[in-house]
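The structure that follows is given in the form of structure tokens.
Should a chain be cited, it is by its letter among A, B, C and D, assigned in written order, with residues numbered from 1 in that chain.
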Amino acid sequence: MIRVAVQPSAIDVAAELDLHDAGGHGATASFIGRVRGEGDLVELFLDHHPALTGAGMGELAHRAADRWNLAALTLIHRVGSMAPGDTIVLVLASSPHRAEALAACEFLIDRLKTDVMLWKRERFADGRAAWVEPREGDHGRAERWD
Amino acid sequence: MIRVAVQPSAIDVAAELDLHDAGGHGATASFIGRVRGEGDLVELFLDHHPALTGAGMGELAHRAADRWNLAALTLIHRVGSMAPGDTIVLVLASSPHRAEALAACEFLIDRLKTDVMLWKRERFADGRAAWVEPREGDHGRAERWD
Amino acid sequence: MALNLSYFAWVRERMGIAEESVALPAGVTDIASLVAWLAARDERGARAFAQPERIRAAIDGNMAAPGAAIGGAREVALFPPVTGG
Amino acid sequence: MALNLSYFAWVRERMGIAEESVALPAGVTDIASLVAWLAARDERGARAFAQPERIRAAIDGNMAAPGAAIGGAREVALFPPVTGG
């Protein structure tokens, strides 16, 4: 459960991170959300509005870029049908200053949970399927930023 | 500077993340620190104490695991001679709950900056070399957690 | 006047279609009256729009309150409150 | 009694060595007196330990205050305040 290393060799991370790389300077905070398999979930379906969902994410990204000194910013959200373990959302925020990268990343993931036009439907092993209701906790976290 | 995507295809992240993967459930927050090339820096050298540095990072990891509900935790620090752009530190924290993953990641990077036994020497293009003095700002951030 | 309607999440499921083009009757001038008209139109509409307070709307890609006029709009999207990412 | 000393960062640079084994004279019983003795021993020591308030120490892998006794210790590490990761 815990991996600790002190190593003289290069640390190798990857893929989207390489794409995102801001010239290799400063700090990158990231958040990866995966579909959880709680309660025998077999499928998560995310409905989206092609224009509104993209516009909402774009606005969110620009607000973060206005608020913090960011060298690079990546927001990727998956939609459609997903299985437990699948990556559903990726946030990457880079800044010369770690506090800004961390704050921007946290702001973005909190806001993605409330502001972006997405609707979740869960399907379980016994065949039940239900659309997820908005969660109060998410709104509480998102409002910290106002 | 800003990359936004809404995509139905799988999101592919990688390497250390794969090693770290907590079974694909929940949220992963990460922090990647790179050597900055400010002021014509050509080399960053990190001195460490073989026993104390490893013990300090291990203790930090255990404190985070005691405090938050973490499914997985990775802390990697590079030591020795590094060039601008090189990855110097990697923190990965996974939890069923995103708030815990984010808090643990931020705690760990703040603490790594102050608690871990490492000494930095900077060398510049004109040949100057100097050991870095402790920064007050880092201690301020780290003390938020006490 | 023809108006494109699009439905999302359980509104879409209950309507049985993702979009349609409708000719608005006189008196349907804002989101609230559009929702009331759809609820009264047929059984699918009654199921989808039984609780107007749970319906959100966007007019031509912009979020719109129940009182928002749908005057020259090309598209109205109707959906439940978002559940986020 | 032989004691291993190890030096880090600019303490190591000023001492010119990473470690050494020393025989402690009588009266050198804690970190503060060890640092004072090293500062008085030779020119390298004078450079490295001119400001004892800037020196930190660990005894056998545990951080130690200036007043900490070095009684049966095998190793004492001497270094500046850490600058973190």
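Criterion: contacts are C-beta pairs under 8 Å (C-beta built on N, C-alpha and C of every residue); 3 or more make two chains touch, one makes a residue touch a chain.
Predicted model only: the values in this text are computed from it and were never measured.
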For subunit A and subunit C, the touch-path distance in steps comes out at 1
Dist(centroid_CA(subunit B), centroid_CA(subunit C)) in Å evaluates to 48
Separation of the C-alpha centres, subunit A versus subunit B, in whole Å, is 19
So, in whole Å, the Cα centroid of subunit C is separated from that of subunit D by 77
Separation of the C-alpha centres, subunit B versus subunit D, in whole Å, is 30
Residue ranges of subunit B touching at least 2 other chains are 33, 48, 77, 88-89
Every chain pair meeting the touch definition is listed as A-B, A-C, B-D
So, in the complex, the side of subunit B touching subunit A is made of residues 1-17, 19-20, 23-38, 48, 50, 53-54, 57-58, 61-62, 65, 70-80, 84-90, 96, 98-99, 101-102, 105-106, 109, 141
As the complex stands, subunit C meets subunit A at residues 6, 8-10, 12, 58, 61, 63, 77, 79-85
Per the touch rule, the subunit A residues reaching subunit C in their complex are 33, 46-49, 51-52, 55, 77, 88-89, 112-121, 131-135, 138
